[in-house]
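Look for chain A in each of the two complexes below; its partner is chain B in the first and chain C in the second.
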Partner chain A sequence: MIETKDETRSGWLVVHVRGRADAESADTLEDALKGALGKSTKVVADCAKLDYISSAGLRAVIQAARAAESLNVEFAVCSLNGNVKKVFDMSGLHHILKIHGESPC
Partner chain B sequence: MLTMLEEVVLLAVDEKTGSLRSTREFATAYALVGAVFFDLALSHRIDTDLEFVHIIDRAPTGNSTLDAVLAHMATHPDLTTVREWLEEIFQKRDDLEGEALHSLIERGVLRHEKSKLLWIIDVERFPLVDDKPQQDVRVRLAGAILSDEIPATRDIMLVSIAEPCGLLGYVLSESALAARVKRIQMLCNLETISRTVRSAILDLESSLRQAMTKVV
Partner chain C sequence: MWHNQAILSEAKFALQGSLKELERLAAEVEQFCAANRLDGEAAFQLNLALEELFVNAVRHGGCEGIADAAQIRLIAEAGGVQVQFRDRGRAFDPTEAPAAGLLTPLAEREAGGLGIHLVREIMREIEYRREDGWNVLRMRRIAPAAVGQTEEFKS
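Moving on, here comes the complex of A and B:
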């Protein structure tokens, strides 16, 4: 189960992500992040309340970053916690997308 | 659309002779198992995290190879990690390659030829009937490696499976691969399944080296 909520702050569209990003919810997450790309030139996924991410969830984030690249939208992820941060670190996601410790806005 | 398993096996076919390339045999076998896991993930049947495999849907995919692996997984709740499953399905490596070749023949991509070497040794070859699918796989691999853009999910998976079994050398020159080694490593590292395949290959190579040292 995953919930997303958009908020505009200091020129950024912040997508607050809450819950679990797994095979069941990956499409919802990818759609929410890609949907945000059409609304702003700067989008950040705030993962402070993301409890778990699987490979399917990670692929959703990667494909959102891919879409951002093609649309020339600045895309970042922030506020990763515990195990979610470990998954991002192990996968070397910092090589392909911007990861902030805290919200950039 | 070909499965990931079929794409990897197709890449291993020498386009000139129809023989199967197996430069690092066990590595290729592990990579084939990895390809099956990717196919099951793309079919929304399994998911993985840093350590574990989760079966999320036991419904058949319609592909007999994938369904046999999925059914096998469903009857072994004692095996939970990606590594355990990699080793388990590794035992069926010959079936995986054979079934993928059979499927490629049925699809009209390959044909099967049998001959004798020195009148004694059976030689099997699989010449290309239609070279477009193999060309498509090569173009996608080269694009994913040479570009700086984020590749599509399937192409990330394809690079991360083709690399450990030494198949990238048939797509790009040694110098082109050397120039993009960081990019290749980055793509291979993105997926838990590929990281586990790589680790299994390294462990096996290390065991073989130790065994050889003892023999010598």
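Moving on, here comes the complex of A and C:
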């Protein structure tokens, strides 16, 4: 189960992501992130309330990052909790994605 | 020491071949970890490894729609958790499957290799057998604090 909420803050569109990004909810997450790309040139997924992520959830984030690249939108991920950050690290995504400890805005 | 060998607790459950079961999988793992005083990281990573295996079986192994598609057994041990995962899907040995390397380009990460990569990052001593139409995996998650005591843990 995943919930997202958009907020505009100092030039960024912040997508607050809450819940669990698993194989069942990954499509919802991907749609929400891709939807945000059409609304701003700077998008950040704030994951402070993201409790869990699996490879399906990572794939949703990767797809959004790729879409952002082709749309010339700056895309970042921020405020990952310890366990979620470990999954990003284990996957090597920290080499590919822009990951901020805190929100960039 | 005697208490290192003691089996503290065990959980056993079956999942139907549907991704809707992920919620129950998470709840079962939470409950097992709480009962055995395993921390949030253990619960998270056990849930993650089991989700990856289960989703592979449902999406790629032909387990979609099958009753009793997967059976899971968790046993708490000193320093870690012993995990058994069985599914009725077509034969698939994740210890042999190519896993996505850390720097695999984004485009190639979609094939499902990432899930297997995560299972291998989390679990140790992974053993695969094909048994009477079941894929049977036995493995262990060793608590990070116990990694230095791995040799003792094995014996």
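Quick notes on this one:
What we mean here is this: the second predicted complex is superposed on the first by the 105 of 105 C-alpha atoms of A that agree within 3 Å, B and C clash if a C-alpha of one lies under 4 Å from a C-alpha of the other, contacts with A are read in each partner's own complex, and residues count from 1 in each chain.
Methods note: contacts are C-beta pairs under 8 Å (C-beta built on N, C-alpha and C of every residue); 3 or more make two chains touch, one makes a residue touch a chain.
Note that the structure is predicted; figures quoted are calculated from it, not measured.
Superposition of the two complexes onto chain A shows a clash between chain B and chain C. In the superposed model, A:G101 makes contact with neither chain B nor chain C. Judged by the touch definition given at the top, the superposed model places A:R20 against chain C, while chain B stays out of reach. By the document's definition of touching, both partners, chain B and chain C, reach A:M90. Steric collision with chain C, judged by C-alpha atoms after aligning on chain A, is confined to one stretch of chain B among 8-16, 44-52 or 98-106, namely 44-52. Shared interface residues of chain A (contacting chain B in one complex, chain C in the other): 22-24, 52, 54-56, 58-59, 62, 65-66, 83, 86-87, 90-92, 95-96. Interface residues of chain B, counted against chain A in their complex, comprise 41, 44, 46-50, 54, 56, 149-153, 156, 186, 189-193, 195.
Interface residues of chain A, counted against chain C in their complex, comprise 1, 20, 22-24, 52, 54-56, 58-59, 62, 65-66, 82-83, 86-87, 90-92, 95-96. For chain A in complex with chain B, the touching residues are 22-24, 52-56, 58-59, 62-63, 65-66, 69-70, 83, 86-87, 90-93, 95-96. By the touch rule above, chain C contacts chain A in their complex via residues 19-20, 22-23, 26, 40-41, 44-45, 47-48, 51-52, 55, 59, 100-104, 106, 109-110, 112, 114-115, 117-118, 121-122.
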